[in-house]
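Both of the next two complexes hold chain A, though its partner changes from chain B to chain C.
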Partner chain A sequence: MFHQTTTKTVTILLLFIGMAIYTVFAGFYGRELVIEAAYLVILAISLDMVAGYGGMVSLCHGAIFGIGAYVFAILTGMMGISPFIALVAAIAASGLFGLFVGAVTSRTSGIFFIMTTLAFGQMVYVYTFENRALGGDDGMSGVARLDLSMIGIDTNDSLQFALLAVVFAALSYAVAAFIMRSGFGRTLVGIRSNEVRMRALGLPVLRYKAFAFGISGALAGLAGTIAAQQTMFVSPEMMSWMMSGEALVIVILGGLGTLVGAAVGAVLFVFLQHEVSEVTRYWHMVVGLVLILVVVLGNRGAYGQIEHLLERRKKGAPKASALEVAAEKDASHA
Partner chain B sequence: MLEARGLKKSFGQIDVTNDVTILVEKGERRVILGPNGAGKTTLFNILVGELKPSAGTIHLDGRDVTGDTVEARAKRGLARSYQKNNLFTELTLKENLALAVATASGASGWFLRDTLNDTDILAKVRDVAAKVGLSELLDHPVDAVSYGARRQLEVGLALATDPSVILMDEPTSGVGPEMIQGFHRLLKTLPRDLTVVIIEHDMDLALDVADRVSVLNYGELVFEGTPDETRGSSLVNEIYLGGRADA
Partner chain C sequence: MNFWIVQALNGLQLSMLLFLLSIGLTVIFGLMHFVNLAHGALYALGAYVGVSAFALTGMYWGAFLLAPIAVALAGVVLYLGLIRRMRKAGPMNQVLVTFGLIFVLLDITRIIWGDLALSIPEPQLFTGRSEVLGVAYPTYRLFIIGLGLTVMAGLWLLLSRTQIGAMIRAGVDNDQMAACLGINVERLFFIVFCIGCALAGLAGAVAAPVLSVTPSMGTQLLIPVLIVVVIGGLGSLKGAIAGSLLVGFIQTFGAVLAPQLASVAIYALLAAVLIFRPAGLFPAKA
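Then we have the complex of A and B:
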């Protein structure tokens, strides 16, 4: 079950404050990295909600992310609609798509669930790739950024836009954490832990799974709108299965089922990608090695390992219930 | 009340449930006896909807629930505990019970409130924990408590949904005599209008708590009667009590 522990609070605050401070002192390129990290934080958190807490490992979150980006791009770039309305519409569209995928896939589990989500993702990718009206494989430019001039924020300024992206990431974490510690979040963990028992207790499990997928999709869509605004350009690459795979790598790198781990993983991933690609073209191999290391070292991820060490519960003999304790006393008296 | 008529189920060639009719009155304590493999658990699985019968009907409080899902029947007040522990293993006992209470009370969809931090839900959790003797262990994860405690939790989860009919599948299997007595006491404290169906191997417990006894053998209902009639039945002695007939 999710608890906003001190470890979580301190880590996530340090992470976001660190990102903000770095943004202020970084140059243009550094700020681009921060924006990329910020939307990956959101995407990874949205994936962790279903994969880490709900046990639904999705390989279509890249596609949902892309739907958010494309809806935002179509509405602002092609139709000239206000970015605010486009933002809401993009989040709604990705949420609805998530809900739909969730409703269809919720009957399956394990490898079949994963493959079905992959199929959905590929369908979206291929459709976008082949659709000339959406720019096909060339993608689409002319995406607008949110206009926040009425509160004195210039989103065309690299510093201000990067800080805005960090704020969105922080808000996303807050929303996800709030949901995970609500009755709904608890229920989701119950489903992951024992779906059969949840059903026996009277829960319409499929509906809950679909709904969780919808919420997660909405968040993934938000991440997509930030990516689209960053480069003011969208392309089918954003929704390829590589993107879904990357999101999953990030969550595992940081620590599945911790939320904070997803955020840490995203920053770590962007950092690794940047630092290593300076040195070698084979940076994916290095990320792969780090991933293998994480899995071999107990599968908890970078943040998950820290949390485990700090909050490790005392191991001991299995705790007996009062009746058994009484029984043992009687036996030793006899 | 619970009424099952003409239930049939077969796995391959074997009829595991063969034309079983069982009518349980509201508030009745019914014990189901039968040798290993007689089809007792299968009958429970059919009653709660985890298995679909090939024939027969099931009514709950006069309503036909034969086509209803597991969760729909549970919502109508039908709860069950499992012969093999079927718990939320990595969660604490408190979290286990809170999931059951929240699901039954409609709090599982709360978005703005935490079910683990709600006074009503926690009061109910403590209440159930006290009933099944788990008050001291609430903060321990299931995988850190004894087998006996897990058996108690298995029944606790079913009770926590405030059912009107509860089916318990060998609740005391594998536990010591003290816990069997503890369970015995628990049964006596259950509300009188709760309908209880228990699959039980412990004959003394079974005959002491039962209003009526049903005996299954090779998927068929071969006997039904009061505890006294059960004791006196040569058929039951033959197929179930075996050598213990005159003990």
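Then we have the complex of A and C:
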């Protein structure tokens, strides 16, 4: 179950403040990295909501992310519609697609769920890839950025846009944490722990799962709009299953089912990618090895490991209720 | 008319390639409940080993023989090092570990063989074109079709007529019960995994003269193969045959008749099967 513990609050605040401070002192390239990290934070948090808390391991979040980016690009770039409306429309479209996929797949579980989401994601990817009207495999350029000049923010300035992206990431975390703390979030965890029992309690389980996927989709769409604004360009590669896999890798590296871990994972991922690429061309091999290692060593991820160590130090203190322990145990198996 | 025959042969050839890959994956899937996303990467490895074997021996048949052996050996290493301990880890962890393996194998091939597209020439025995049903068709592609049919028949005989085949079927049906009857299911898994890897390597070597050998060839073919496996039904030979033919023909005819529709149609088919018949068209379990 999600608790906004002190450890979580401290870590997430340090992370976002650190990103903001780094942005101020970094050059143009550093700021680009911050923007990339910021939208990956949002994408990873959205995936963690369903995968970590709902037990729904999605391989179509890349596609939903891409839908957000493409809707934003089509509305601002091709139709010249105001970026604000485009932002809302993109989030709505991704949310609706998420809701649709969630509703259709809610009956399946385990590997079948993974495969079904993969199928839907690839459908979107292939459709976009083949569709010349959407630029096909060349993608689409000419995406506009949000116009915030009335409150004195120039989004075409790299510093201000990067800070804006960090703010969006922080807001996304707040929203996700709020939802996971609410009755809805708790219900979701209950479904993951024991779907049959929740159904027996009279809960419309399938509807809950679909809504959770919809909310997560909306958040992934927001991440997509930021990615589209950063480069002012969208390409179908954003939608491929490798992107979804990468999002999953980020969540795992940070720590599944903690929300904070997803954010930490995204920053770590971007930072590592940058650092390793300086040394060797074979960055993917490093990620692959780290991923295998993390999973084999108990799948806690960076933040999960910190939480685990702190927990162990406090072991003398009385443990939470037996239910809580069972839930934790379950979370580590998810 | 000629157009249809050529396209049908193309479809058949693609189907056979898909079959060689999917049969290994489906039996591993059905028998071990193990999701091996790295199967495509093993196929790419087979193609690369084939390239080197050809350079070494100067003969296509060197590649044809060495690639399956090398990939089966790689499978042994993977099984003992990683897969054995991931068997009971749940689908998400398996997806993650094998996803990590894709990355590792991809970069290993890039380190050893570079980024450029390579290829092997066709074997001398099968160069040129042959007359089939009134059309001239590349002989080597006919060879692929024939090889696929041979492997199909061989596996069918193995699974339905031999003792080890009966053991494999028993394991797919109910592994615990099979273990109770004294079948060493663990060893069976290992053998099946190695055969699956060897077939993936064979597919790589066979595909090398037709397709260009690139690091990403594995990830490109992985998704269609997964579709075949899921559509057909996990662990089922009949399912792998039906799935390969379905996907191969839809892809081939779709690409020439309605490119935009066809590529989406395959995924729509997959989603429909998963939702309405999650066990696949030909489930292995009764």
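Definition applied: the second predicted complex is superposed on the first by the 311 of 334 C-alpha atoms of A that agree within 3 Å, B and C clash if a C-alpha of one lies under 4 Å from a C-alpha of the other, contacts with A are read in each partner's own complex, and residues count from 1 in each chain.
Here, contacts are C-beta pairs under 8 Å (C-beta built on N, C-alpha and C of every residue); 3 or more make two chains touch, one makes a residue touch a chain.
If you're wondering where the values come from, they're calculated on a predicted model, not measured in any experiment.
Colleague: Using the touch criterion from the header, give the chain among chain B and chain C with more contacted residues in chain A.
Modeller: Comparing touch counts on chain A for chain B and chain C gives C.
Colleague: Pick one for A:198: touches chain B only (first), chain C only (second), both, or neither.
Modeller: In the superposition, A:198 touches chain B alone.
Colleague: Looking at the overlay, what does A:208 touch: chain B (first), chain C (second), both, or neither?
Modeller: It touches chain B, and chain C stays clear.
Colleague: Which holds for A:183: it touches chain B only (first), chain C only (second), both, or neither?
Modeller: The answer is first: A:183 touches chain B but not chain C.
Colleague: Is A:1 touching the first partner chain B, the second partner chain C, both, or neither of them?
Modeller: After superposition on chain A, A:1 lies in contact with chain B alone.
Colleague: Kindly classify A:130 by the partners it touches after superposition: chain B alone (first), chain C alone (second), both, or neither?
Modeller: second
Colleague: Do any residues of chain A touch both chain B and chain C, and if so, which are they?
Modeller: In chain A, no position sits in both the chain B and chain C interfaces.
Colleague: Given the complex with chain A, which residues does chain C contribute to the contact?
Modeller: These residues of chain C touch chain A: 35, 82, 85-86, 89-93, 95-97, 99-104, 106-108, 110-111, 219, 223, 226-227, 230, 259-260, 263-264, 267-268, 270-271, 274-275, 278.
Colleague: In their complex, what parts of chain A are in touch with chain B?
Modeller: 1, 179, 181-184, 186-187, 189-190, 193-194, 196-205, 208, 313, 316, 318-324, 326-327, 330
Colleague: State the interface residues of chain B toward chain A in the complex, per the touch definition above.
Modeller: Against chain A, chain B makes touches at 48, 50, 69-71, 74-75, 79-80, 86-91, 95, 98-100, 102-104, 107-116, 133-137, 140-141, 144-149, 152, 157, 161, 176-179, 182.
Colleague: Sort out for me which residues of chain A touch chain C in the complex.
Modeller: Answer in residue numbers: 51, 57, 59, 104-105, 107-108, 110-112, 114-116, 118-120, 122-123, 126-127, 129-131, 241-242, 245, 248-249, 252, 281-282, 284-285, 287-292, 295-296, 299, 333-334.
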